[in-house]
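The next part holds the structures, each set out as structure tokens.
Common to both upcoming complexes is chain A, partnered first by chain B, then by chain C.
And now, the complex of A and B:
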């Protein structure tokens, strides 16, 4: 059934089959009369599966070429495979970090790990989708798993609420995506990115404005002015922005992030953004690049709006989780600025920023999950900012790490966050978006306030009652230290991240030609 | 060797300043004095090599600012002008260092004092050796800073504080002009190093520069602003008021900074930029007139001052006027020659004055001295030599330069030339008069001080006497021996350091002026000495009567109050600025506008907006859905909107919306929410 070319998809196939085996394994064991708790063992098995997946991906070296398989619905290229490796590694770390949280919160369902694996499978497919339908199906696979992950803590009203909201709004946005896709299909007769690219590239370049023959009116109306196409694209765009929680469509994210269990929030915040951006790049940079000038403006406006909302609303948050949610919203705004430049450097900075966003997010959320007060009502999921008040006395190193990473994502100079942020501003200045960069720089200043406030609470707040934190297991602490030093290393040697993103962008633009 | 020449004082300064506590007063004095002595020897070598053997030395040390457009290097240029200045600076400075070790011996902060002195010397050397305007400006500001620190050395004295701040502020005005000059140079020449600027200047003549909506001749404008810098630093008329007040500092400081070196930086600047000044006759006339006025004005004021040091300070001011108008008459070499001579005898005068002040228990009022001739004979003889040199007594140092200045002024045969000749000659008379008055009141008249003070008066010890002695030698001899070399006709001493255009050169004319005008200044000087001496010896009653008459009182007040410059400045200028700066810049702008749009207002506005934005978080699904739909509709609408209006509307308008959104929706959130 598989022809040899399609062996390129082996990692995903392996992942899918493993998930099915894992379900069978878990079902058979857990319906024993003993009701074994196999949560942890399944979780480690998932780590193993993802590691093997990683191994398969790394073995399957894609350098400069790209393959389109399954009737061109799936593309295997360097961008996809590199991002998949990155996402896989990040999710391995996620698995390791959430383990204790799940134990403490008594989320004893082995399905949780399986759901994460399903979501990952969906994300991997998004990374390599080359067709609107593939993309839609992959997004749905990912989203459905996410809905369940959000609602999995059945005994918590917040969690159920979050799951429900996520589900309904997600379904809403999916419908928008489908609507846009169907219009596109109606106009062009295809849903394949490659075909769309060829179509618009050739139509656009062969159309001569001076000619006024009647044959051309249809072409002119539909393709050159592109009214209908842009109409459709707007729908697709909005639905994808919804997934990224860009400003007018961001409201679900705060509720969902706050309500769902922290382990799920960790996933929502860190893992899927890169995949969605890859899809955006594939649609807007390769298929519909000719329309760049037409969609740029409102992306810019949305980006600025997002940054403003993310920076301002964060000031009013009392809960650490929602603060981090707003922070992630504003970061998405910065990436959107890079996305809207439509230049080579902009694309490169987009990837740089996203990679760093994932790594820094990993750091922050890991530390966040590690922070557990010793004497506290266990079921309380959320942390007030004030809960951090004596962290520097209880666990000085952790407080130091936390504040360093916070300052890094705030973009203070001796951190790597500064380098990528200034990169974003530079590329936006390069395409003469001066006002945008000024506004976003000012908002960046404002958002620095709430990061620094956390640092202040950790180090300089005098609290009457001392708070003690649970000690961290040594293997977890090693992971955190490694992550932290990786961030430091990136500042000393930012070329690493720069070169990878350069290579990705170079190959991407080459295939666009 | 050349770098060592510059950096030795800095090393000395660092040693004494940072490790003075360890080294102690003796150690730090020793280190700084030795450093300065070695520097002086090195500058003598440099003088030999550069000036006598005609080998210009040009050192590029390191790049400083290296951008596409602006390239500034740390470079050092040693030509004749530089080495002459180096010799003068290091000589006077090492003498003053030596002198201070005794003069300040009982001050607990001697290491700090020595450190400041050395630091000053370092900056002065940077100033004179710089090869570009920016580095020169570093030295320029550095000496200003050290001057401030040294005037304010006894910082517990309110007068010293006031004087230091005054010096700083008035110098700032001048520096501002200098900066503008340098900026204009950069804007037009795209370079700030001397070599490029001077080489390009002939091309830029008649070029027009647009400044403050007026068109000016480029070179004139540059020179005008450079001259403002020189006016500030060299205490020319208008910005001179800081110099007499600066006498609040310790006397060695007055000798080093406010007589010999720093105040001559303005003259140095004019001489250094002579290739620019030569192309603008209008500014040269301005320089001449300002210089001549200063020379006359300061001499008149010096006539009726009672403070010993202020008399000498005004005399410095007056002599600086001579130098400046010599430069304005395109005889830069004569100006610099007078600068050199003046440095020696004025340092001598100041150090001698310090010795006197030391002798009479820190009394500075001349009316309370007198009769010191027998008590401090060595100082007396030194002061007499210094004063005679200042007066321009024949065959002493001052004679050779001052007379030449007045000769070339007359030999210019222009309006401003004659103007400066008349004022200068009158100034010479007045100089002789007040110098003699100083000598008479201090040494010759009957003792007027307290008995205890007069009885305890004694001549100073070795270091002070030695330094006075070392200064006397050049004060007597340097004019005679250096005259032919420095200002001798046809001497190639200056090489390319000083440029005089052919039409401005008038040394030959000045040789052929009428004999009467040649001899007149000397005659007037001697007349001044004699008349002053006789008046004070025999006619003191007439003087008192003259002073107490109504007109005499007014004249006395007028001169004694320094032509009311300070009064006008304080009551009209600074009062005006005080009011403006309090009501407008402080109250309205700083505490008002900036506070509202800045820290206070902005932070409260932002938190308010943050509240609004986070209030969107209602938790109701239909709100969220509604917002998503609205957003989508807006995006589609904007697209349509663009189709019609895209050509007319700039998307920058959204920035305006964003700013407006700060000020809209500012009603208070109701309490029950």
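And now, the complex of A and C:
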């Protein structure tokens, strides 16, 4: 029952209040003479909070309408709600996976879980923002929590280094976003996405009705016909591409992913990409759609550059984390191709690919976190590729799952990664981007090499002795088994993802007209 | 003499300046009337800084010598570098000052318009101050405000 419109934001309000409570709870228990270690219990409390958030969100879900609340700065529609549910479920699994890692690495701050909750609050606000200022504030909330999460391991110079690099690059890209927003405000007088849509959705190249008023030629040429607006949009675009680690703005992500503690890298790689893409879709498909025709070709160049960089630079990586970082860079290149098509199917394939990217990323990083070396683990947290040698002899099923997920990411049948990659190439061919499709297919083949190299190291290496690994508890491995089953089942019957992405795209484009 | 100047002025105003005015609308342009002052201010500031630095470089008598350029240690030779590692507590104090200063900055206009706001406006500010108060309790209990 709707008491007032703002009750739609109840899940976020609940999350905010529980974060505040958790800070007080953690502070008053851990800052004592006894210095109790409460990081485990705070982590499980965070899992409980996110589950309750999920419940409130599912309770609140609107099927086919959208609300704009808080003076039209927050929009509640199906896209936002669905992505929030997906991100919340993925982060529940993230929390459960990192519990053992935090205990072994002796990250004893209870603030770690609170920071993850803050970042999730920021991500949820990005998913449902309808205004440039709201989007900027939510991006900053998420980014600040991520900067601290990257640098939290104070005794490791790598971690502090990664946090510093992430902070500088993230602050720079947020300032670019602000600059673009300020120019947009100067041109149009509003920061609201809905108002910008009403102003700029269809931009006619010749204003015949105002042709007689010759006083306005200067205004028309500079402001309306696209010069200044494209200038501002390019700043906003570059800022969001920085956050997604797309070439040539990808250089920070390698060092940050490698230096941060693996639990933070888990979050960086999996969770925020969907939110930033939702923001991109809201700005560039819903507000400034006509300008798509003008910048499409430049974005495609960036996408191809990203795929090439991700494929070729991953070939000579010897550490597993850097390899997964480069693979996530190349995945963002594929999604950018789908984003730049501008068609209905392109948008649908974009969402399909992002959902699959999150699930496959969750699987891969969970396996990465579960593999703990028995000796010398704490000193050497970043795995070399050679550490995985003869994993098939010590843990056959895990090696099999690892190979399957890797081949799904590479895009080989019979896993669902093949279907979504085919989908991306189909939509790019549909808009006649033939050269782009050829180049990215070839680079996809090249990147398959470093996935198969891991499979070869695990199964066919001729080493005399492999490394020993800690045993894995069964309640953690259920997550891996379920995701593995998903990846295989969705190949046979991918209706689940197709239906959700189709519904999202339909409801998004329906409100545009 | 004056008639020729008048003629020149008329010619100047008639052709070029009219075109200039009509294209850029300098007479009735808000942009020009509001921002030209700032442009003049910028030029004067740059000019003043350049003049001061240039004059001080030109007019000073410079005869550098190693003894004159070394660090001063009140009579004897300095035995170690005067700089030491930056203490983080200064940075922490600066950051915390910024946070609570921004809170004060938000309080001031709120107190001015509180009479025209309804009950939601009142409780929004109380909620904001409560959240910053939680942050303050956290800082106090963790020990970031201790000087040692």
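Methods note: the second predicted complex is superposed on the first by the 488 of 513 C-alpha atoms of A that agree within 3 Å, B and C clash if a C-alpha of one lies under 4 Å from a C-alpha of the other, contacts with A are read in each partner's own complex, and residues count from 1 in each chain.
One rule holds for everything that comes next: contacts are C-beta pairs under 8 Å (C-beta built on N, C-alpha and C of every residue); 3 or more make two chains touch, one makes a residue touch a chain.
Here the structure is a predicted model, which means the values were calculated and not measured.
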Touched partner set for A:489, first chain B, second chain C, both or neither: neither
Partner chain in contact with A:44 - chain B first, chain C second, else both or neither: neither
Chain B versus chain C as contact partner of A:23, first or second or both or neither: second
Which partner, chain B or chain C, touches more chain A residues: B
Touching partner for A:298 - first (chain B), second (chain C), both, neither: first
Chain B versus chain C as contact partner of A:31, first or second or both or neither: second
Chain B and chain C footprints on chain A, overlapping residues: none
Complex contact set, residues of chain A against chain B: 165, 168-169, 172-173, 176, 227, 230-231, 234-235, 237-238, 242, 247-249, 251-252, 254-255, 294, 297-298, 300-302, 304, 308-309, 312-317, 435, 439, 446
Chain A partner contacts - residues on chain C that touch it in the complex: 23-25, 131, 134, 137-138, 141-143
Partner chain C, residues of chain A touching it in the complex: 20, 23-24, 27-28, 31, 215, 218
Chain A contact footprint on chain B (complex, rising order): 606-607, 609-611, 613-614, 616-617, 619, 621, 623-625, 627-628, 630-632, 634-636, 638-639, 642-643, 651-652, 654-655, 658
